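Mind having a look at this structure? Questions to follow.
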Amino acid sequence: GGVLLSPLLKAQAQPKAWEEKTLEPLRTLGSPLSEYGERSPFEAEVVRYISPNLRTRTSGADFTPLERLSGVITPNGLHFERHHGGVPQVDPQSYRLVIHGLVETPLVFTLEELRRFPSVTRTYFIECAGNGQNGYRNPPDPNLTATRSRGLASNASWTGVPLALLLKEAGLRPEARWLIPEGVDAVAYTRSLPLDKAMEDVLVAYAQNGEALRPEQGYPVRLVVPGWEGSIQVKWLRRILVTDLPTMSKDETSEYTDVMADGKLLAFTWIMDPESIITYPSGLQRIQPGFHEIRGLAWSGYGRIRKVEVSFDEGRSWRQADLEPPVERHAFVRFKLPWYWDGREVVLWSRAWDEGGNTQPTREEFFRKWGRNNRYHYNAIQAWRITPDGRVTNGDRPLGGVAQRPAGGCGGEVFDV
Amino acid sequence: GGVLLSPLLKAQAQPKAWEEKTLEPLRTLGSPLSEYGERSPFEAEVVRYISPNLRTRTSGADFTPLERLSGVITPNGLHFERHHGGVPQVDPQSYRLVIHGLVETPLVFTLEELRRFPSVTRTYFIECAGNGQNGYRNPPDPNLTATRSRGLASNASWTGVPLALLLKEAGLRPEARWLIPEGVDAVAYTRSLPLDKAMEDVLVAYAQNGEALRPEQGYPVRLVVPGWEGSIQVKWLRRILVTDLPTMSKDETSEYTDVMADGKLLAFTWIMDPESIITYPSGLQRIQPGFHEIRGLAWSGYGRIRKVEVSFDEGRSWRQADLEPPVERHAFVRFKLPWYWDGREVVLWSRAWDEGGNTQPTREEFFRKWGRNNRYHYNAIQAWRITPDGRVTNGDRPLGGVAQRPAGGCGGEVFDV
Amino acid sequence: ARYHLGTPLTPEQVGQYDLRPAVLPDGRGLPPGQGGVEEGARIYAERCASCHGKSGEGYPFNRLVAEPFPITPETESSQFAIGNYWQYPTTLFDYIRRAMPYGNAGSLSADEVYALVAWLLYQNGITDGSQPMNAQTLPKVAMPARALLQLDPETHKRFPWLKLP
Amino acid sequence: ARYHLGTPLTPEQVGQYDLRPAVLPDGRGLPPGQGGVEEGARIYAERCASCHGKSGEGYPFNRLVAEPFPITPETESSQFAIGNYWQYPTTLFDYIRRAMPYGNAGSLSADEVYALVAWLLYQNGITDGSQPMNAQTLPKVAMPARALLQLDPETHKRFPWLKLP
């Protein structure tokens, strides 16, 4: 009797070990087979975050709900979106890709032809250069969530043909240096991509996590440019002009050009810096004292993540988190750290290190280099504060200087006026 | 002019380089941001195959459309289904998992508690023991597709808590040898699982490819038993009885018990033998002469795939295919082989080898061991015949003996009477 | 308990949650009560025949009655049923209680399930029908197919301690 | 051509497919034709002002007019626009032809686009408005922000040959 007393007491302290509803499914037959499965209706509120300002926008962005997801694969329905002229609906039968310009033979490909080429499947993150834009706010938004902090990034297994093969098929002229890919959306979105990168690892992708690309990610064909800012990974790809100069398109001059603290503008900041975000516990969640596994995501455009560290004292000391294998190049990595919360106020930091030795700056360090009015490439450490009531809020430190919020840019949260 | 003549002629030979419709999306704004993305309407016919016999069945199976997919991830909406009492709808709030029997302290867990334990994310195939059942047909079905040949297998990134941690939390008594997991579906589905395997790598999974499990795969919680037959990976898991004997449940005696050629019945054939299937070109597809990348999937319950070979002469000689990295343990591997089809009739075979040195038998070899009236664990080499018109049909050789078709078993295609 | 997650249950609570207890081959899990062939036939006709055929011959769902000879490799799989393929008598009680009548499991009393088991064993030619089935008699019934059953050799290699009941 | 996949296109076909040619900083891609500030103002009022404000001050969509001084780190990002942030004059022609008016791109003639470009450059204080814009004059316009533009140092490290036009 004595041995059982304590568990008994604990059982009675709980409102009820289970409910009538717990046993209900045993009583009736379930649903029959179905051709294409849907989520449980109980999961309906796991959705992309669309800023109230942008709900009906055909130029804007929405966020992957990072803290609602497990592992590293972003489900296709929840991959972040960013587009400048809405999501076109493209008929795969009439779809064409043209390669022209400084090539021996301009070529047009049908989707079927693209699929006949040797294929590559790799897991890569795609991240908007505007990811982290809320970090430019000062003072920081106390109600920030992991979604709104870093949800303009997603990770998928992409399948496609190496762009290098298509270019070789057309035959490159010696003067060729640049590619100008163009989308078949309403703004014929264009960017400039150096030929060298294309020959290295760029994919002309037609599948995402096993199935055809989703419309928001470029159905039927997009570029995947591993490790580089999402805006260069042109979607609904209709043609590639091979040329000797970059075009300096609207989206590489009036957007995605960076304002630095020293007054310079930086062009072509393509490689995405290392990044990490603790997804559990994170902003607006509430936790109980006791055991928790701290969980988060890390990635870097420079290659593989080497380690992720977590600090419980704003960077004075660090503990190394576990990385879930396989740790792939230019892909999300899940990090985890077992932790016992004693119920006292604490601030959690995480920082990622990549194989190039790059890591994340503090906010103060970040703004020593990047302009306070820049809108892109924010990758400072995200802090989460846990108060004794278990509530998690943004733990970022306010900066000196004027109050501000980002405007324009990737359009994730604010009007672009 | 002379140099251009031949491409010109080729361009003119084609009906038209592109259509009016090709350019249409440039003319109007696309759709705005959306909270949960859906597939392109043009992909609507990529669905699971449900046998006409089983359309409305709450006990049956449907097939992943393997030849319509890329890479190795099975999209959640297309993961094969197998259930014995329909798909229950389980409310995650009232969901409970109980562990009882030969434990120190019987415990009940809420979903939230399960999610607080240390987590593991791994990519594993799940395969129905009845996969390949159409291979028992004699003569072979000429209209077999890759879907109907091996589509009772899927591959996903599963996240969950190691079952070992839950068992240790409850505390195992020394006599404990077996686990009897039970589902909360209408038939309270049960099986027997040796404790040793549970302590090794079994997951109590709550997420699939990043999001919550899909209802058909056990929402909110299922077992994932790496490399073992799907039927033991109990879905909608409501409790685990820890005991000293297996229960010899209906589904391990009247189903999933194997009839061997020597007249023996085999119990507990849990480990799934190595398997491969060429998905392109495959049954009912049609190809043109010229370059093709032969593509397929391979997997084994014994661990990693070591190599996959392709034969063009019914096994007299073999060429080694490329394996797409990362090659993970107990997971689908994509294999690829560049190939030029000269337009002559040919039969393609593939066979997988795993790290245990196991491989796939020919049909003749398979039936030397397994009974002709068995319904499970068929893993003989699948042959595809390509005729000069480019059509692909089942290239399996008829066996001597009586005509037959499988009945019962996993219910994938036939009435279970 | 290293993580202090999950709530301990009292034996009473475990009993309440254990709605359809697993029956083990040695008879553990079988409830008190009993039932014979005659009641079984009556209940079968009422609750089961619409799905499994008038005499268990099957249709629209599974065949339940077979010859009492174990199957051979030549037996059509559509003929596999209790008499020739099932290896443990306890499975019958366990499965009918947990899953039948399909979609309405839990609606039979222990006596009714025993009666159905008695009738099905008799109908399959395995028992002579003289004995009522209960927690003592049922585990002792010898199933012909049990003689054919062996552990999968790969499973044996991996778990040398493992023995079939 | 190693795979013999894809269909060769004639120069005419390429031309037909090249609906909204990319304009390069050296002026390649610019069409014949021209337009001046006055027509530009008229077309702007008709086709653009509803989205970008009466005088290009923005609302509901992007601000198009700024001071002709390049931005500083203190400039609010809502003030970034052609006059202070755009680095290449050719971008204006390229983008207006390919994307504007939003949702109805392709509806302006080359002359009309030149006129809009002329008006926008004048309105931003970059030109004095006396010269019509065409394939010769446009590439020569000096954008104040160009002086601030540098290649990202990481990009330079990786592609030492790469120079900004």
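Going in written order, the chains are labelled A, B, C and D, and every chain counts its residues from 1.
In this section, a residue touches a chain if its C-beta (ideal position, glycine included) is under 8 Å from a C-beta of that chain, and two chains touch if they have at least 3 such contacts.
Quick caveat: nothing in here was measured; it's all calculated off a predicted structure.
Colleague: Taking contact as defined at the start, I'd like the list of chains shared as neighbours by chain A and chain C.
Modeller: B
Colleague: Centre to centre, by mean C-alpha position, how many angstrom separate chain B and chain D?
Modeller: 52
Colleague: How many angstrom lie between the CA centroids of chain C and chain D, rounded to a whole number?
Modeller: The separation of the two C-alpha centroids amounts to 78 Å.
Colleague: Quick one: report the Å distance separating chain B from chain C, using the average Cα coordinate of each chain.
Modeller: 30
Colleague: Can you tell me which residues of chain D touch two or more of the remaining chains?
Modeller: Correct list: 3, 5, 7-9, 13, 17, 19-20, 102-103, 105.
Colleague: Among the residues of chain B, pick out those that touch two or more other chains and give their numbers.
Modeller: 7, 17-18, 23, 26-29, 58, 85, 96, 105, 108, 116-117, 186, 188, 290-291
Colleague: Touch graph across the chains, line, ring, star, complete or other?
Modeller: other
Colleague: Each pair of chains that touch: what are they?
Modeller: Listed in label order, the chain pairs in contact are A-B, A-C, A-D, B-C, B-D.
Colleague: Any idea which chain B residues touch chain D in the complex?
Modeller: Interface residues on the chain B side: 4, 7-8, 10-11, 14, 17-18, 23, 26-29, 290-291.
Colleague: Can you name the residues of chain A that touch chain B in the complex?
Modeller: 7, 17-19, 21-43, 46-48, 50, 54-58, 60-62, 68-79, 81, 83, 85-96, 105, 108, 116-121, 157-159, 184-186, 188, 206-207, 209-212, 214-216, 219-220, 236, 238, 290-293, 295, 324, 326, 328, 334, 336, 338
Colleague: Spell out the residues on chain D that touch chain A in their complex, using ranges where they run on.
Modeller: Within the complex, chain D contacts chain A at residues 1-3, 5-9, 11, 13-14, 17-20, 22-26, 28-29, 58-63, 71-78, 80-82, 85-88, 90-91, 94-95, 98-99, 102-103, 105, 145, 148-152, 154-155, 158-159, 161-162, 164-165.
Colleague: Of all residues in chain D, which touch chain B in the complex?
Modeller: Residue positions touching the partner: 3-5, 7-10, 13, 17, 19-20, 102-103, 105-106.
Colleague: Which residues, counting only chain B, touch chain C once they are in their complex?
Modeller: Counting only chain B, the residues touching chain C are 58, 84-85, 96, 98-100, 105-109, 113, 116-117, 165-166, 168-171, 177, 180, 182, 186-188, 190, 194, 196, 239, 241, 243, 245-250, 253-254, 257-271, 371-375, 404, 406-409, 415-417.
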